[in-house]
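Below you'll find the structures, each written out as structure tokens.
In the two complexes that follow, subunit A is the common piece, with subunit B as its partner first and subunit C second.
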Partner chain A sequence: MTDPTSDSARIAAEPLLSLNAITKRFGSFTALSDVSLDLRPGEIHCILGENGAGKSTLCNLIFGVHRPDGGSMRYRGAPFQPSGPADSLAQGIAMVHQHFSLVGDMSVVDNVLLGRARGVLDRKACAAQLDRLAGEYGLPLDPLARIEDLSVGERQRVEIVKCLIRDPSLFVLDEPTAVLLPDEIAALLDVCRRVAASGRAVVLVTHKLAEIKQVADRVTVLRAGRVVATSDNPAAEIDALVRAMIQGSVEALDESTASMLGFEPVRHVDHGPAAVQPKAEVLQIDGLTVTDHQGVTRLDNFTLTVDRGEIVGVAGVEGNGQSELTAVLAGMMAPTQGRIYLGDQDLTGRSPREITAAGVGIVPEDRHAVGCVTGMSLAENIYLNRLDEFTRFGFLRRAALERDAAAMMQRFDVRARGPGAPFSSLSGGNQQKAVLAREITLPNLACLVAAQPTRGLDVGAVAAVYGHIRAACSRGVAILLVSSELDELLTVADRIVVLYRGQLMGACAADPSRREVIGAMMAGQPL
Partner chain B sequence: MSWELFAVFLGSSIRLATPLLLAGIGEMVSERAGVLNMSIEGMMLTSAFAAAVGAWATGDPLIGLLIGIIAVQPVALLQAVLSNTLRANQIVSGIGINILVLGATTLAYREIFGARSRAEIPGLAKIKPPLLGDIPVIGSAVFEQVWLLYAGIALIVATALVLRYTSVGLAIHAAGAEPKAVDKSGLSVARIRYGCVLFAGLMASLSGAFLSIGDIHTFTEGMTRGAGYLAIASVIFGKWRIGGTVFACLLFGAATALQFQLPALGINVPNALLIMLPYLLALLAVGGLVGRQMAPAALGEPYRR
Partner chain C sequence: MTAVNHGRGTGTWPKLTLRPALLVPVAAVGFAALVGLALIAAIGVPVSGAIAAFVDGTFGSLYVIAASINRSTAFALVGFGFVLANRASLTNVGGEGQIAVGGIAATAVALYGHVAALPLGLSFILPMLAAVAAGALWGALAAVLKVKSGTNEVISTLLLSFIGVWLLYWCVQSPALLRKPMTSSATLPESLEIPDETKLPLLTGDYSFPLHVGLPLTLVIAVVVAVLLSKTVLGFRLRAVGLNPVAAHRAGISYARTVVFALATAGALGGLAGALMLLGEQYTLKDGFSSGYGFDGLVAGLLSRGSIPGVIAASLLFGFMRSGGINMEMAAAVPTALVVVIQGLIVITLAGAALVIERWERS
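== the complex of A and B ==
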């Protein structure tokens, strides 16, 4: 630990926290089973795993949010049984959660003081402390700024500072890079390095391999709640770690999906069909402007055309107008200005029903709120927009509905107890596949708008979703793909446009070598 | 309007605003912490009744006030348990409590007082602060008030200071805006909210006691007549800030005072219309002037980890 340049010397041999055969169940679901791992002072320990592998549960156990059902933890050599976050905080364990927990209408200082200060507040002293930390770790912040006025990257800095100011011995970050711009990710990883160099243990949860290559000292891979691999030299063993992470679904990966995950050196995949077919504009968005009820302009003079058989990706940090764009295209929100055409049909201000009838499929961002009715059955959800076809004399022909739905389940690999299973009993990935199945099988589908279609899905499901989208594309459907995952867009789309504060910052070919340019546009620098 | 009449109007505006002020500030604290305390009306009525009975039975209004305060705490605790621990709908549970209290106090009143319904009840003393009270014309008319008003003002100032400058204020604000952040910072959302509801109960009990043993020295069935709801309206009108809430309470107080003043000025407006005035004002204020986004983000939502 004396020589920070040498990893082996920096990392102490004695573990700070050790988990021994930890098991955690939620009802009948086993989230973690027999998980053992050591966290040592001075190391960056990455926890790698797909969605639902148990990474967040593991963090929450360490932080005292949940209690284990089996196994034991030792912290600084003594048994450790936190009964809540307060216990863990008092012991020197701090955590940056996947979802921020900041109070929007309070200042940075007040957020930092929350839960720490007793009695009369000393905002000045706290601001001075923030300045000191800012210098030490490279985390510039205005202590008096209100959280609402900060960007996502700045908010995360507040979360990090909130932890660091407690001078923790163990620093847990749960998927901290999911919402960040490329250069913000680099800055965050740098902070992790500095924190580890000061002799603390850092736990970094991620599913991005590039990050592991850059900072991880050791890696533990979780799959389905079990430790399936560990590595003391992750940069060299990355391929083996990935195989462990997605074992079982590795056969399902085609080349481009694999490259999307950073599984193999990134290669751009050419889709062909788009170039072969004659250009025909299917979706035309002309000068679309949306002002919300508070008078804030969410979408500003947005113009875009999507051709037949083309996949256009809309990139951007979340909250820059993507939700409004898809809501307007779906007919759920009225634009203030501008027009939407499908071919030569004017769809501006039409109802969702008319838009569906015209041949636009919508995979909404929030599938629970607008994509499905969780209280109804899978079959009913798959045919939600075409229930008339299964109606005779005003009665629903359930047998026919469920028979057709069973065929759809087969075709789209939707796994459920049966077509009659309640939609809420399906996993997130299967729900998403069902919504996609409904929209992509519209009889006269000319255009598909898919917003964050792979959010929360595991690798196999991601591959399946993009497989279906590509198939639709080669049939000549125009596809507008809205996603905050730049890597996915780079492999799937033909062309990428960037949204920043509701404005179109620029467009370019979906070429991985343009990643920096796109990243800059996402941060608000025009091309 | 002569100066004397204006001074009387001012004095009665403040007197009529006092119960709203006391209850309103308590309600504001509770709402800032995320609990919509609809039962404020019932708490006021409980205290008005208990304080009146206490003062009548012991002959000491101070003991009456104490009994009023103590009697409200179980009601406040019930509201706190319902809205935090049992996660009941806060509006429904609050209204339920109000109806329960109205029935209970009416029944108890008839049992205890029966025919002696106009019994004289000893009331809280009025005081005239030394300097302000000596100002000619307005001195007595405006500043000679029940001491509970001045105690209330001190409490309101203290509340403002606590909310702004202490960790408790920070925790209350955060519990209403982002309870998750409170939980993850190691504080207990439930404890903060319980505390705030009990504080609202304390303030409502002072307010109720002011009505019965401070202002008119008697108890009548359902005597709060919607004052609790007006207090809630003034919190909304005041945009969940102390200054705004105080202003709204004074405005509603003045609107109520107007119904006694206008006839004295010889202006003939149907009395029923004047009685409507504060409520109409509240409706306009709540309906038209305040956007939803001003409210604490987690207002009315029980916290679940």
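== the complex of A and C ==
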């Protein structure tokens, strides 16, 4: 935690950027209403709020993606009306977006050079700069690696480095820690501190209270597009801030959510006894090996069983075979070796359709690429894999589809204009709830594989996701929870196994006192 | 081909409001026509004569009106196929070849399939079905290449077009295939004329107004395709695969089957267009049979931005334009090249108009 006495000296009194009564509307929807706030040189200013509260819109206004419908902005003492992101960038405002903007087929260094280079590309100089930044901020990257070969976490690092290399005076990060490892988060928060210490303003959009406690100098809380609370001493006033954010009492927070958010010390929360006889193996993964087209072994002789009513967590640094494991279980990738059984049914190499029919629900790691069709409606996405139920003589019974989807929205608290709303208009949390709703309501659900199910979600959505996963578990569903958030696994899972370079490093009970042991396994030290 | 809009993804018919949606295209066509007239004046052809020839060629007689509509049906069928495949994010540019193989199949069955004596219209229905099958095969070939080895369908349908067009050339050049018996060295490289029974019946029975059954058939197909795209599970699958093939696959929608269905159907419609052209209009198969109709149909599909009524409107425009252009060339001595230039201008201004409308609607 930063020393408060040095803060007052570090943070300038004059704001670098000030927003005055900003309003932003999209059609009839008011995303931001009368929002005023100051960003001062040298401070880390956290923006806290649930999904849909207007955090991303605020960032996009600062970054010049959108223009305000009302109010004004001042930057360095002068009126500020960025004509677009390029203008903001040129004026020293850099932003790491929630969704990456990287060219998959290009190398890290080429992506960094993109939009910066003039004339001859000097990859060598750029790579050297990357190395320097990597060392300085603890963001290791292979400059020549292709983006497509990188994990989500590594891609995020590229985005961060892309900003840092510009040496910005205002550094905006929109939910940057959602995909990072505990160590990486610590390193990133360290980056934030260093950037702030050098007299720049850092805006950190987050919903993780632990981060606010650790680094925030000031906090602004948004709810439904309005500023509902501000704090100059967030570490001490955290309870009030959370209450303002979720407009409810902290006591009402689900135990495991509170624990997961760092609100309470991490502890395991039991999901209650399963209503079935114990020790009935449901999912059996036997010697699964995946070798990619370059001959690299991504998953190496991985064996695991998940019983009925059991939640098994798969921990590990991202890029250690988790993606391949879920892809194979989902039928999206054929294993090189090994077998997968559901009960006594062999599911190895089956198509996604057959796997769904067998009763395996999949919440994929990459919601946008695999989990949904953003160009279609919410109702169409909720029943994407069960269209046959809404078909008569080849015709889609749209009315029935939307009626049933409306019921699902109610049950899973998916907030949208209606079942016909475009999926892309939903917030990330609501999209995830819809995907979860689809997979968890499979009529014969026996096993649920959920990969990073709470990534980027706000408090309410996280609690909802856990609630539904636990409810399924107590109905006897076998659950495989893949997550790079160790706290999440320690809280929710019964057992944790650790993946390292595609291999099973070991297994242990989800006991928070074993955190060091698990951390060591994640770093490659066997039990 | 990112300019193609899938009817905003909802599969509903666009609302035809009288405001920009209709005025802008009209203004665009007017503008292109003015530029065209300026070009005509510039090369020294009397403008009034050119206009008179154009009007005479488009609406001057019942005959040219019927001929224009018949031509439009071929454009429209290819356009429907384009729109359908484009729903799955596939770009079928192979209309020309699909028309050619359709024409070959229809000619072969009409001449040598012993169908002339069949009752109940089978005499022309069977050649049509043969053309549909041949076109579907041509489209499916591109689909299989795409599914099996990832060949881009723009490349494969275009190259298959060349093969189809040259296949037709071979057919009419070789006496062993469809060329009519060579009685003298002056015998043209073309097929025999098809038997009267296999020609498409005229709606009025009057040769001065030769509108044939292709028109009602095309209108029925328009309704079927529009319903398929907006109301059926097939249309839903096309859209899902087009928008996100990975998520569609995960949800159990077969990518391979959807792609084959889309391109085969587009090809079938192209083949049917070829059948209408041969059985309803040309009656003998000649080199140059497809006459660029496949590309005009493609452009109609592109300009429609995914809407079936849009395809019909664009097809009628092009159908009448062609007639007017032909007459301008014959009666007013406007060079063909200039007619083609004016057509191109109209396409570009219409595409630009689409952009204007889109911005208008967004703001």
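The working rule: the second predicted complex is superposed on the first by the 299 of 527 C-alpha atoms of A that agree within 3 Å, B and C clash if a C-alpha of one lies under 4 Å from a C-alpha of the other, contacts with A are read in each partner's own complex, and residues count from 1 in each chain.
The working rule: a residue touches a chain if its C-beta (ideal position, glycine included) is under 8 Å from a C-beta of that chain, and two chains touch if they have at least 3 such contacts.
Not measured: the values here are computed from a predicted model.
Peer 1: Considering only the touch criterion stated at the top, classify A:T356 as touching first (subunit B), second (subunit C), both, or neither.
Peer 2: second
Peer 1: A:P15 in the overlay: touching subunit B, subunit C, both, or neither? Say first, second, both or neither.
Peer 2: neither
Peer 1: Quick check on the superposed pair: does A:S101 touch subunit B, subunit C, both, or neither? Answer first, second, both or neither.
Peer 2: First partner only, subunit B.
Peer 1: Does subunit B (first) or subunit C (second) touch A:G225, or do both, or does neither?
Peer 2: Touch status of A:G225: no partner.
Peer 1: Counting only touches as set out at the top, which of subunit B and subunit C does A:G519 meet: first, second, both, neither?
Peer 2: A:G519 contacts neither subunit B nor subunit C.
Peer 1: Counting only touches as set out at the top, which of subunit B and subunit C does A:T374 meet: first, second, both, neither?
Peer 2: second
Peer 1: Check the residue A:G84 against both partner chains and state whether it touches subunit B (first), subunit C (second), both, or neither.
Peer 2: first
Peer 1: Where on subunit B is subunit A touching in the complex?
Peer 2: The contact residues of subunit B facing subunit A are 165-167, 170-171, 173-174, 177-178, 180-187, 291, 293, 297, 305.
Peer 1: Residue numbers of subunit A touching subunit C in their complex, please.
Peer 2: Listed in rising order, the residues are 330-332, 351-353, 356-357, 362, 364, 369-377, 380, 384-385, 387-388, 391, 394-396, 398, 422.
Peer 1: Mind pulling up the subunit C residues that touch subunit A in the complex?
Peer 2: 6, 9-10, 231-237, 239-240, 243-244, 246-254
Peer 1: If you look only at subunit A, which of its residues touch subunit B in the complex?
Peer 2: 65, 84-86, 89-90, 95, 97, 101-106, 110-111, 113-121, 162, 294
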